[in-house]
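Submitted below is the structure of interest, expressed as structure tokens.
Chain nomenclature is as follows: A, B, C and D, assigned in order of appearance, with residue numbering initiated at 1 for each chain independently.
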């Protein structure tokens, strides 16, 4: 179908396509072509990433490697894809394509016309960064791409200034915290580079293993430099991931960003952060040093994740802006992902990987539904949503279906991930964590019900503006994502196959 | 003790510069000063990278002219990495300043306390 | 500031040397300290000096905005173009051996040189763009804020 | 001491240059004090400009001691940037704009 030559180049093309097309968008300027180019880039990348994931899953070793400039492995930049990568890559590409389709009408109503080409250029750079982070096998390259995506994200969040000026303060808050996080990551990579003398992730992992062995006598001792570097890395990534005590930038950034940007960020940015932590903990530093070394990191993560689930859900209940409810709910969902990879067993990791995908679908779809509300009403306050269920049946139906996914009702994708998570927690003997997951689901019922009740049983105010269902280009991607989240809840074979393969490769079990 | 301080002086310099920057980020309420603090914070990390690239007795990693073959060079890789990181840092500063200019236009202030009040009023 | 004779003459005499020094760093990059990035900054420094002394309007007259915009994008496209050229010929992205398959080792400097020219072009253009962005919107010429050098105003004194 | 650490095995025989380096560092220190205590903006600008000049000489000297003539390029570059920076700050202080 695809010529071999082209197929070989896919890993590089996935990152280069949005980068070069983004530049061209910025160069062409004010012709209204921006959205078309962005859409083209997203579709190409989506097709490429699906092809790549198929390649990975059908190759015997579960890896595809691409050498930039044909430099041999420890010296050059290597793009390396395994099931974990491939899964996250497909998630990012799918969400990007869907949200780009959604963005056309939504962004046109929120961003001034003469800045549109600039918006789509930055939009493509953001995708470049996110895709690059997931695909690269080089630690420093990861930092650079992380900063590209972060800088693009700050700009995109600040573009919400047309509707609400608080977008600007949210963006600067995010910028300060995000830059500190990225600097910590840079410092952590510096420490690991100092110990190992390499930047290639696999090479780094091997050399760190060798260091552990020579260092360990009777009982393995871990070099302080490695542990310091890991501590910096972990704190930095947690800032990007918005793990509980470091989540303060998230609610405002999601709330005041343009609707399409909220959908993209909620569905991809923090997920990529989760991917980075899994990669650093499991592949590079290794669970022996990270969890069973001098610092029991998994206990910290579990405490943070538990707090995130409980407090995130609790704060979500108290909000009056629906976008903020979803933002706090995102914090809770990140708690589930973090809990999954802190459990350090196969079911827990599978839960984390599968929840990255499932939650991206669900949250992306729900933020799009809110985008429809913002497109028609101009804001997303809870009292303005009263009785919208009859006015916007499709979007509100999609919102409700997504809300069921957040709760984890059977036959939705959320149920699959929570099933794995609870199984993993019980397997690891962490009954209190399993209990917290269940309590979190109950709290989710409360905040979802609060919105659903307002939508369907609230009375529309007298003299409230008459609203119609959104245009088709906004409905299709929303229904696509919500439909997918239900499909993968009913038939979880594909996702769990990939997620289990990812977990097995990470834990070093031979497939 | 003195030896400990002296042997790790690059770490001390890094830590001191980073903490000066971090102090500015945390304690100053003026957003431009926060942005400058971020710059100082990152500069500390750049110095750390440069210092780990130093090889004992190594000279600058530019090829020495002539027939000498036993020249020891410092490790140029951290320098190249930091060149990239400096570009990133400059871009961050540019984005931060652009956002701050916009904040000044929309709110009429770049002081964090004022901004908090203005936001609370808007609620 | 163009009424100040010393500055004007110094600038007239210095700017050509700055640009030539930039070109020297660019072309000499593989043998000495330097490369596209540094060269771009030095060349842009020459233009920035011109802009500061003769006014940003004057700088925009000799280098209009569209020139820097296109130059910045072209630089990146040169960089990417070298990579895509290799890809089109069946090599990996940025594998400079594609430039001269008969002698891969000899092609490496060629590839690096091309890439560095792209980097230099982009950096110079972006520096000038930043200067334009900063100075845009200010009045073409207005009175100096402080004319009395011997009696510094309150603004010149250190603030607490 | 710092110089001796920078140049562990290079020719410490040229003692005069080492002394020149130490004197330069001392001069930079003095200028730095002026930059801190101030009192007017012009004092600080002059101090920073002088410090830049000293740095140019110091880099050139370092190249001389370590037998690396390439350092002269860096000194030249720093001289250009120092000149440009001083002009920019002066113009901004006097006119409150750069263009």
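Throughout what follows, contacts are C-beta pairs under 8 Å (C-beta built on N, C-alpha and C of every residue); 3 or more make two chains touch, one makes a residue touch a chain.
Everything quoted here is computed from the prediction, not taken from an experiment.
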item	value
Chain whose average C-alpha position is farthest from chain B's own	A
Cα-centroid distance, chain B relative to chain D, in whole angstrom	21
Separation of chain C from chain D, taking each centre as the mean of its C-alpha atoms, in whole Å	24
Distance from chain D to chain A - Cα centre to Cα centre, in angstrom	48
Contacts with two or more other chains, residues of chain D listed in rising order	70-71
Sequence positions of chain A contacting 2 or more other chains	none
Per-residue multi-chain contacts in chain C, two or more chains	32-33
Complete list of chain pairs which touch one another	A-B, A-C, B-C, B-D, C-D
Complex contact set, residues of chain C against chain B	31-33, 37, 130
Complex contact set, residues of chain B against chain C	60, 62-63, 65, 83, 87, 94
Residue ranges of chain C in contact with chain D within the complex	1, 7, 14, 18, 21, 25, 32-34, 38, 41-42, 45, 48-49, 51-53, 55-57, 59, 131, 134-136, 138-139, 142, 144-146, 149, 152, 156-158
Residues of chain A defined as touching chain C within the complex	5, 9, 12-13, 16, 19-20, 23-24, 26-27, 66-70
Sites on chain A touched by chain B in the complex	140, 143-144, 147, 151, 154-155, 158, 161, 165-166, 168-169, 171-172, 175-176, 179-180, 183, 186-187, 190, 193-194
